[in-house]
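Here chain A shows up in two complexes: once beside chain B, once beside chain C.
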Partner chain A sequence: MTGDATGAAGPPGAGWKRLLRPDLFVLGLCAAYAALVGPFTPGFFTVRNAENLLVHALPLFVLASGQTVVMITGGIDLSMTSVLALSSIAGAWVMTPSGPLGGGPAAVPAALALMLLAGASVGILNGLAVARLRMPPFIATLTAMTFFSGLAVWLTQSRGIGPLPAGFNALGRLPGAVGIAAAAGAGAHLLLSRTILGRWLYAAGHNPRAALVSGVPVALAVALAYLFSGTLAGLASVLYTAQGGTGSPVLGQRLLLDVVAATVLGGTSLFGGRGRIPWTFLGVLFFKLIDNTLNLLDLSHFTIMMVKGGLILTAALLDTLRNRILESS
Partner chain B sequence: MSLLRVEAVSKSFGGVPVLRGISFSLDAGRTLGLVGENGAGKSTLMNILAGAVRPDAGQLEWRGRPYAPRRPADAMRAGIAYIHQELNLFPNLTIAENLFLTAFPRRWGLPLIDRRGLHRRAAALLEEAGLDLPPDLPVERLSAGERQLVEIARALGAGAALIILDEPTTSLGTREVERLFDRLARIRSQGVALIYISHALEDVLRLGDDLLVLRDGEVAGGGPRSAFTVERLVSLMVGRSLDRRFPPRAGRPGGETLLEARGLTRRGVLRDVGFRLRRGEILGVFGLMGAGRSELARILFGLDPCERGEILLEGRPLGGGGPRPRIRGGLAFVPEDRRREGLCLDASIADNLALVSLRRYARRGTGWLDPARWAPAVRAIRDAVRLTPAARDDQPVRTLSGGNQQKVVLGKWLLAGPRVFILDEPTRGIDVGAKAEIYRLIRSLADGGAGILFISSELEELIGLCDRILVMSHGEIRAEAEAGGFDREALLRAALRDPAAPPGGGDRP
Partner chain C sequence: MRIPDGFRSCALVAALLAAACDAPAGGPRPLTVGVSFEILQTEFWVAALEAFKEELGRRGLRMIQAIAEGDANRQIEQVQNFITRKVDGIILVPKDARACLPILRSANEAGIPIVLFNRPPAESDARSVAVVADNFALAKETVAFLVAEARRTGTRRKAMIVIGDLGDINAVGRRDGFEAAVREAPDAVEVVARVPSEWNQEKAQAGVVNAFQAHPDIGLIFTSSDFLLPSIVSALKSAGKYRRAGEPGHVLLGGFDGDATAYGMLSEGYLDATGVQDVDFEVRACVQAILDWREGKEPPATILDPGFVIHRGNLEEKAPRMWGARVRKP
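And now, the complex of A and B:
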């Protein structure tokens, strides 16, 4: 986390060990995986597939960026999937033709604002529960996930809301989606690497007591991390909803493992204090690469789940091994 | 025949030699005092004996036979117990459970714990270790000294013939130290050998039959106790004579009051504590464990609440709001436990140094950090505290020695430019050379106009460094002395004196 800020030369570890840095390591994994599995996967090395891969990686990257920020404080945000659903139906309700602003010129902007607001609201609740009431993040956000997932289904009687304006759906496709994801990623990266709040977040994750003694407003910083991740989950909901073309109360129900796995694959520590957005991007890329090849191989859903689990386990093992080598030096 | 013989043992980590040709021997029932600066190789040597590290070269002999432990369990089975500085007890379990964690007495040979047998055997061990406590008391209710004795009881229970003690007295009060030494003498008379590691050289001289001094991974000196004095030990440890450990006092500080406390009171902790700290002054606070020194520091810095009393920083009263308004007002606090409260151990040196004064590196009035201003400030402060030049700015603080870690804590505060420093045991667990550097740094801060509240349980350094000393006992200030009029015995007596009326509460937290 100091590299760019201190101007200190060189990464930790010299020579070949440089290859074990999280970013280069995961990049290497991606390349190795593509080289090994690509040739046997029909339609893998095509422009269409690359586009497809990117489009599907972008919303996950937005989610994982928020998750990275929370994990750096030593917490975890399990409520992201419920934000996806809640934002999705809230936005869709506003802009669908039969909705309150149906078809009007203000419909899409209002829907976007509402979707982000929904995410931010859940984020604030999580932040208060964790920072003010000192609830364990796992419990606080698990409770929020359960409640808001239920709320989304209850409000809609589990029906999807559509159709959505074409202008909105375009946000999920290539130029728009890249812009949104890039803005979210850049925002998260700058927050972490270039702001005082960013330093507070890392310090709170490393050692909250020492941070407090050093004058860091730990509770405020932690609460803001959850606010940030909730808002990004709302933004990710924009991408997913646009890609799906309907507001869905069950959007993202299967995504929880994906977000956590991709973030941790990128080298973010579950214990706090370590993680960077570029690493997370590569973690997401690797994760979606696996997803993509397995889909192209036309395996059954259950086989895909098993293979995915195995590959994530392997990557996590390699990561542990890598850390052991780095620490022994 | 020696109990333990170490023959030309060497060890390198990543190509850096840590131990070079170490040899010594130890007989049953004798005590070896082991001293050396941090990083001299003491821990590595002990880890080799305890089976946690394997030597690159050399032989070990235990009871006349070759000894090559491959893991700590091997060493334990052979009869070598290593009691670490940070005790390895489980606070949530009872004393008895901690004692038999690896070998619970079983019932009928089944994996069922024989509670009664456990209790009986634990009680016997506790008696042997000199602890008059019920075996079913949770360890978290024990004082540091009592926990130390539980560790010793555990070693005895495992049938140890050699017990290695690493800095056992750092968190003990004077009375607890006496109790520990008393017990160690008794254990020794039963034929158990001890290796005693400590920076408290008087203690090492008192306990050790033989002494071994390590410097830079080599034996710098060794032999029977009679051949050593504290001065000789120090010069062997640092390789030069350190007759001027304490910097000279500039003169009588007589400036205006920087920090004033009036009638600070908190039930069971502090009673009516008041003092004035002047510009350019180093004001010492002496007291035994539990006298309320650290509690005073925490209340002054806004980390703990206070029921009555006033704190004035340069004449302005400080209210609640925790440390932040105090830091803004120019107060700095070096906590007693640097690993728990002083540092983010896994963060880099640069990040730790900048943490308090982040706002200075931000573009004016915003939260955006300006990396360009960062590096020169870090470099300057590294020089100011004389941090080891070998460390890179992006190196995790965890990898530094204790002395260098403490320099990072001091540097972090220096960077914020405070006018009043509260230092709680700033030299605890730090080697002699680094201590001298920290004393010089503190004196130069005072000479530069800062006020320093220096809390310590080492009378030696208080007398050597301070302009004035307050003595605390049972939450009250009991005595005060000025430089020139320091009387070692009087200060110690004041610290030991029993209270006329205790402010309530016991020794246990």
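And now, the complex of A and C:
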């Protein structure tokens, strides 16, 4: 197992090859992109834009952190968007003035607990399906996504739930959002780099058969990865719902590609065994940087979509090239 | 204590952003209006975006645009970007009546006039102007025309409505307009199917096919948007019921929006009527509201587009005002 795989620092490359490490590579991409595009982007170099960029990158970072943990095991969690919606309407239902705890002091804490519980419940179902029933992660989580997205729409008849308490909505802005996302990111990072479970997760993703022979409880580790991912999706739903001020049954319906793209851009392998939370943060940052600048530039929607796709493809190609150089050396 | 490399990298990024924040933000700029659409899923939205481009250009204003791809949170982020760019006005097609409230408040705080196109916001203390079609009245008038046609043929019709996404207040208004019209005509119409589409063509088609299996004698269909017409046509063809007005077995068909497909079907006699949203009126009213607001006038919170019902009898007269007639496909 390499240093990358365990999350610990591996043997440092010599000279310029250090720059090809995933974190420095994506950091370099961010800096180069900002330096090249920033001066031509109106309003890019302003405090307000930095805040906007950060606030809207944080929920995606929380989601991508959960996705990173699952991808390290060699799996994928496609159900995240349905967790966003389910948690959103569950929490909003509790908190809204016409809800069971509406207006009461316990409304927000109860809603937060319910939102995390909803995410954890979907997560553990995914985990059991993948680890115990040995369903392919793609199918298990795709099925969950379909079912729980439909459930959210059915429960609400497609209607948003609101208004939500101001105290809850404040969680989606600075500094609350930073605190929540930092806690989630630090928790995920410590889990992967400082605990025995973290080592099991890398081992399960790197070579599950070898891990099993070595005494790693692979099924348990994989199930816990999905539980963790579901819980973080519930937490991301808190941020997204607070930012929108409404419980939405279609929350995040189109975010799946963003989550996977940002995670993979950060250097996490789709095949398992490699990935780290700080890398993911940088992947999310690069992804949102592209979004932000293209939106600030005076481009048409269709141009933005094409340019965004082209930039992500270029980044992925550079990443492949980087890996080849590292492997050949 | 050793600091992990990843966190050092993150700290570097933070420092880079912080340093960048002090840079100056640019010089004089022309009057700019940010136009944020929830999605460009249908011809209606594409036509409206083009109409904004034309109208703003005609008045010497600059337009910047953002499309949220159906994501309310992305739309919040994009409008924040408009505010960062210090636009002089914002025109918004919100994803959701409630989820747009943080956007309205941000615009209010920044002192930027904000006008909602085609979808009103939920009730709140935030100031905005909404230019909307009178969905209820226009849908009711359209369905009343179909009911009159049913009476004229002398047969009591079984009816179906294809409902939009009930999270969209426009869909609710159109459904309610349909219900109000059929409630007044129990002698001519009996509603046997209410098909939810969530503004999705595949769901609409599946629902219409199922409804025809359950009630093969459905004789009147109202769709809450013309962009669902291809799904209905496909289902009618499968059931062998796609016939022109005047032909035996013709199913009375009505729609809403006035898109290019509807214009084509009206011209060919397959569609009986559609409620047309007057896009030109709505676009002009939005831009005028922004300018009035900037000049310190107080435009009304809601500006209603009465729209009009177009049918074969008035097609020639009304077609020049039908946006779908202008973007008709070759």
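In this section, the second predicted complex is superposed on the first by the 312 of 329 C-alpha atoms of A that agree within 3 Å, B and C clash if a C-alpha of one lies under 4 Å from a C-alpha of the other, contacts with A are read in each partner's own complex, and residues count from 1 in each chain.
Just so we're on the same page, a residue touches a chain if its C-beta (ideal position, glycine included) is under 8 Å from a C-beta of that chain, and two chains touch if they have at least 3 such contacts.
Bear in mind that the values here come from a model prediction, so they are computed numbers and not experimental data.
S.K.: Which holds for A:202: it touches chain B only (first), chain C only (second), both, or neither?
M.R.: The first partner, chain B, only.
S.K.: Specify the partner with more touching residues on chain A, choosing between chain B and chain C.
M.R.: C
S.K.: Report for A:235: first if it touches chain B alone, second if chain C alone, otherwise both or neither.
M.R.: neither
S.K.: For A:216, is the partner it touches chain B (first), chain C (second), both, or none of the two (neither)?
M.R.: It touches chain B, and chain C stays clear.
S.K.: Where does A:23 make contact in the superposed view: on chain B (first), on chain C (second), on both, or on neither?
M.R.: second
S.K.: Scan A:34 for contacts with chain B and chain C and give back first, second, both or neither.
M.R.: second
S.K.: Taking the superposition on A as described, I'd like to know which of chain B and chain C A:285 touches: first, second, both or neither.
M.R.: second
S.K.: Does chain B (first) or chain C (second) touch A:194, or do both, or does neither?
M.R.: Only chain B; A:194 stays clear of chain C.
S.K.: With both complexes superposed on chain A, which partner does A:273 reach: first (chain B), second (chain C), both or neither?
M.R.: A:273 contacts chain B only, not chain C.
S.K.: Following superposition on chain A, which residues of chain A contact chain B and also contact chain C?
M.R.: none
S.K.: Please name which positions on chain A make contact with chain B in the complex.
M.R.: 1-8, 12, 194-200, 202-203, 206-207, 209-217, 273-274, 328-329
S.K.: In the complex of these two chains, what residues of chain A are touching chain C?
M.R.: Listed in rising order, the residues are 9, 21, 23-24, 27, 30-31, 34, 38, 42-50, 52-54, 56, 59, 153, 157-160, 162-163, 169, 189, 193, 240, 243-246, 248-255, 276-279, 281-282, 285, 291-292, 295-296, 298, 300-301, 304.
S.K.: Could you pull out which chain C residues touch chain A in their complex?
M.R.: That would be residues 4-7, 9-10, 12-13, 16-18, 20-26, 29, 37, 40, 64-67, 69-74, 76-78, 80-81, 83-86, 96-99, 101-102, 122, 124, 165-167, 198 of chain C.
S.K.: Spell out the residues on chain B that touch chain A in their complex, using ranges where they run on.
M.R.: Within the complex, chain B touches chain A at residues 14, 301, 303, 322-324, 327-328, 333, 335, 340-348, 350-351, 354-356, 358-359, 362, 367-369, 371-372, 374-375, 378, 392-395, 412.
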